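A single structure is presented below for examination.
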Amino acid sequence: MSDIQELVKLSAAEMAGKIQSKEVSSRELVEAHLSVIEQAEPSIQAFLTVSGEEALAQADAFDERHAEGEAEDAPELAGVPIAIKDMIVTKGIQTTAASKILEGWVPPYDATVIEKLKAAGMPLLGKTNLDEFAQGSSTEHSAYQTTHNPWDTERVPGGSGGGSASAVAAFEAPLALGTDTGGSIRQPGALTGTVGVKPTYGGVSRFGAIAMASSLDQIGPVSRTVLDSALLQEVIGGHDRRDSTSIPMDVPALAAAAREGAKRDLKGMKVGLVKELSGEGFQPGVEARFNEAVSMLEEMGAEVVEVSCPHFPYSLGAYYIIMPSEVSSNLARYDGMRYGLRVMPPADVPQTAANMMAYTREAGFGDEVKRRIILGTYALSAGYYDAWYGSAQKVRTLIIDDFNKAFDQVDVLVSPTSPSTAFRFGEKTDDPMAMYMNDIATIPANLAGVPAMSIPSGLSDDGLPTGFQLIAPQKRDDVLYKPAAALEAALNDKWGGPMWQSMNTPWLDGLTK
Amino acid sequence: MAEKLMKYADAVKQFDPVFGLETHVELSTNTKLFCPAHIEFGGEPNSQLTPVSLGLPGSLPVINETAVDYAIKLGLALHCEIAEWSQFARKNYFYPDMPRDYQISQYDKPTNGNGYLDVELEDGTVFRVQIERAHIEDDAGKNTHVGGADGRIEGADHSLVDYNRAGVPLIEIVTKPIEGAGERAPEIAGAYMRAIRDIVRALNISHARMEQGNMRADVNVSLRPMGSKEFGTRSETKNVNSFRGIEKTMQYEIRRQAAILADGGEILQETRHWDEATQTTAGGRVKSDADDYRYFPDPDLVMLHITKDRIDRISKEMPEMPRERRNRLQQEWQFSDLEMRDVINADALDTIEATVSAGASASGAKKWWLGELSREANAKGVSLEELDITPEDVAEVEKLIADGKLNDKLAKQTVAGVLAGEGHPADVVKAHGYQVVSDDGALVAAVDEAFAANPDVVEKLKSGNMKPMGAIIGAVMRATKGQADAKAVTKIVMEKLH
Amino acid sequence: MPTFTREEIEHLGDLARIALTDEEITRLQGELNVIAESINKVQEVAGDDVAPTANPVPLEAYLRPDVAETPLTQEEATAGAPVSESGMFVAPRILGEE
């Protein structure tokens, strides 16, 4: 393979195939992506850290194993490089959560998912940008840089995982890992025309994922195809004894489900349209692409019915109580004592440990993080706990009941991923509620711990990508992959190829070997 | 600043004390409560940490099974109800020695609830203390204060933090308010702590050394007028770490609060500290909104399920409880109440029991451990167990005496040799050539010599005044280098006199 | 419906150990009241008959065997410390001048 452009536009599964047939080496793949990163970063700014040397060393180690025939038991994606959201801890590579408070922190350990990637021989290209501590829906809350949407660099890539989504959309990486607390994998997926999956809560170990809201956080794949996400989730998923919330079960057969789906036969499958996740607040172009996709599912044999989840309108409220409560406690440890930033108080303030902590946290956290910490501190405080945190936990029960009832009727639920397409920088930064509304359709899955996925469903009237969300019952992530792959195949057929063909990629120009 | 105090006797005449104890017991598990870092007393600072106990971003807690089993053991010993489902919560507050700036502790769903402990006082009275809960939580690190006087926090310039202790499992035993103790409140508090210490040791779940901080107590005291049913405002004296300290804290707080109340004053709800040096409690922090710990279930941990099978298994492993054991041993050894109390006060129950099982008589074992050996231990400031002599050694010495191979003096010298590290009693006896001289010929000669050297004594003895007998025996002993059998000497002297 | 006063936000800043500036307090007051209004309706449906959910996937705790694993070295543990001394983390003086 001589053309870098052609190489990096392959799916991860196709790259893996070329590694297996020895048409291309892992090193060549890493080098190709590093050269794209070099060209793309000035306009995209998806990466906080590029770990080129480490990636090349990992690629060489894999290539050597592969040449000696020792990589036969390795997962299908062995040798394919990947980018990592900077919310996941990487030994020896700076990890910041895009916060000033962690600037310069080099972890002494690897997250479980990183250990698994390393064992699979998948080189780490670097760490991607995000909203500080994954708190935001546009990646504008990063303390370091603004990531641009490859479809329109005047617009946000969504968030919090805008870096991972943009890197994959811009061909800087074939795959990435994200974390999804209220939609941080799926909403950027929708806004950048990529695939993003939030697995069942407990399906992928959280050990080494910097905690935002522990009962909602989940690591998941970011890719350009459904099959690639399936293959990646199979690598990172499974039980981990270092995470007490990890489910003791094997990863379901996800890639097989995706391959089955590619046959585009959905006879016998029941699909539910969530009544509460449409209409008011959803852009007409977003709804139009969604409805067309639903028709395609029907054409492939699926039975489509409308289902009601009456408590979903309360999910945003419950989320904005539970999430900041957990944030307020999880982010307490950034106190200037053990790692990261320390700021001493001004001279006229007593130079005590308590004041050092208060001034460190004032200087080290951004506005959105502080807003959530204060809100969460309030929700947990004596006298308000029952009315706020207690009530939100009850709403959580009601949302789980809604899902259970819906899944008694249908196999999979669908909705638009995000009510709007990518917005312009600064458009929503001064209005927290408008920003929070971005996650209206993605939050219920986090509250209920069910798996959910976003795949590209076309371009809205403004020429920007829209996302199609699928939601399955707990521990049934495989149920997502079949209809998702079927819809992807049908859409590609309609478009005459992947949606990204209509994206301008000036940074790829002139990239030939 | 000296605080006004009322005489204790007057205080307890006018007021009825109500108190409660929150006892922290550090468990002697191999690893920490939530991570596999090995626990060792006195290691290099910050060398017993994993990402979890250092509170690194991304790290997650996983519960130690042995800590749970130990908690159940203690729960059973305290007659608690063991909850089938219990839960860990986060107690949120900032402190430099807290790696996560929250403590993981059980809050509204503790593992052990509603128990009691019968505490035996010195005069044999039994007082029942009701236990509210005994829950599991993790410890914080340690601060060393630098730049102030005597390493105290006051006036310190900065502190050095060692997180090795962070994450060590603790059980906090919380009593219900203890009423009706009257003037014996301090005594009951002390006896309760000793009883807890004995139980924890019998269960082998903690080193239970107060001086090393394995056990410490928060002492809550309030007073109310005689006959009143309502509780008064209480003070909470934190981290008292000796039995005497607990009793003194109780006495001091009762006297201090009585003086304030008698003057028409109000008790502040505050945390105080026991100062061993001045034998007083000092005012600390007044309780305020800052004590809003924002407890909520730790979302990193799921419900702890304790099955009936687990409880049954642990029940079968339960050792005899200290009070039952004491009663049994007292009967077996035929000790009086007073003798038994001496044994307990000397903390010699275990060593005497071991010595008896090694073959010694109970009275012989008691004589050694409460006499010679207690003195030695006190002088060295160590426990009886820490002396360089084992119960088996003591039993061996006793056997040598019984067999007539050692007399009292030689036995003491033998024990001294063992303590000095010269080996087991047989080794010491052999090395020094200790042996009782019972050969009549040699003794008769020695007695003759003694008679010749002390004619005035002999006169007295002949006249029936037996008082100076010691002088003759002493002379014989000197002549035989202490190896004479005193009884045999006396016999020869008596024969010669008649 | 809770409303956030200035004093309340200052107090929350103390509890959360963040030295909020006056300007931040003013802004937070406005924002939090808007947010509170929109999320407060959770109480409408949180009846006494509804059980709370802490973890979305019901599991019982896995209990780890009490077996030690290799710890971090002192060097690794203190490598990120803003200030350290003799293998220990340094805290400014703990007692204040309040």
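Labels for the chains are A, B and C, by order of writing; each one numbers its residues from 1.
Assume a residue touches a chain if its C-beta (ideal position, glycine included) is under 8 Å from a C-beta of that chain, and two chains touch if they have at least 3 such contacts.
In UniProt terms, the chains line up like this: A = Glutamyl-tRNA(Gln) amidotransferase subunit A; B = Aspartyl/glutamyl-tRNA(Asn/Gln) amidotransferase subunit B; C = Aspartyl/glutamyl-tRNA(Asn/Gln) amidotransferase subunit C.
None of these values were measured; they are calculated from a predicted model.
Remark: the per-chain Cα centre closest to the mean position of all protein Cα atoms belongs to C.
More inter-chain C-beta contacts link the pair A-C than the other of A-C and A-B.
Centre to centre, using the average C-alpha position, subunit B and subunit C are separated by 39 Å.
Rounded to a whole number, the gap between the C-alpha centres of subunit A and subunit C is 24 angstrom. The mean-CA centres of subunit A and subunit B are about 56 angstrom from one another, to the nearest whole unit.
Across the assembly, subunit C contributes 14-15, 17, 54-55, 59, 61-62, 64, 72, 77, 89, 91-95 as residues in contact with two or more other chains. In subunit A, the residues that reach two or more other chains under the touch definition are 105, 108-109, 215, 241, 244-245, 328, 332, 335, 337-339, 353-354, 357, 377, 381. The set of subunit B residues touching two or more other chains comprises 51, 54, 62-63, 94, 96, 159, 161, 163, 292, 294, 299, 301-302.
Every residue of subunit A that touches subunit C in the complex is listed here, in rising order: 104-106, 108-109, 200-202, 215, 241, 244-245, 247-248, 311, 314, 316-318, 320-321, 328, 332, 335-342, 344-345, 350-359, 361-362, 365, 367, 370-371, 373-375, 377-378, 381, 384, 387-388, 390-398, 400, 432-433, 436, 447-450, 474-475.
Per the touch definition, subunit B reaches subunit A in the complex via residues 51, 54-63, 90, 92, 94, 96, 99-102, 159, 161, 163, 292, 294-296, 298-302. For subunit B in complex with subunit C, the touching residues are 29-31, 36-38, 44-51, 54, 62-68, 87, 94, 96, 143-145, 147, 153-154, 156-163, 289-290, 292, 294, 297, 299, 301-305.
Chain contact summary for the complex, subunit C toward subunit B: residues 11, 14-15, 17, 54-55, 58-69, 71-74, 77-78, 85-95.
Those residues of subunit C whose C-beta lies close enough to touch subunit A in the complex are 2, 4, 8-9, 12-21, 24, 28, 31-32, 34-35, 38-47, 50-57, 59, 61-62, 64, 72, 76-77, 79-83, 89, 91-98.
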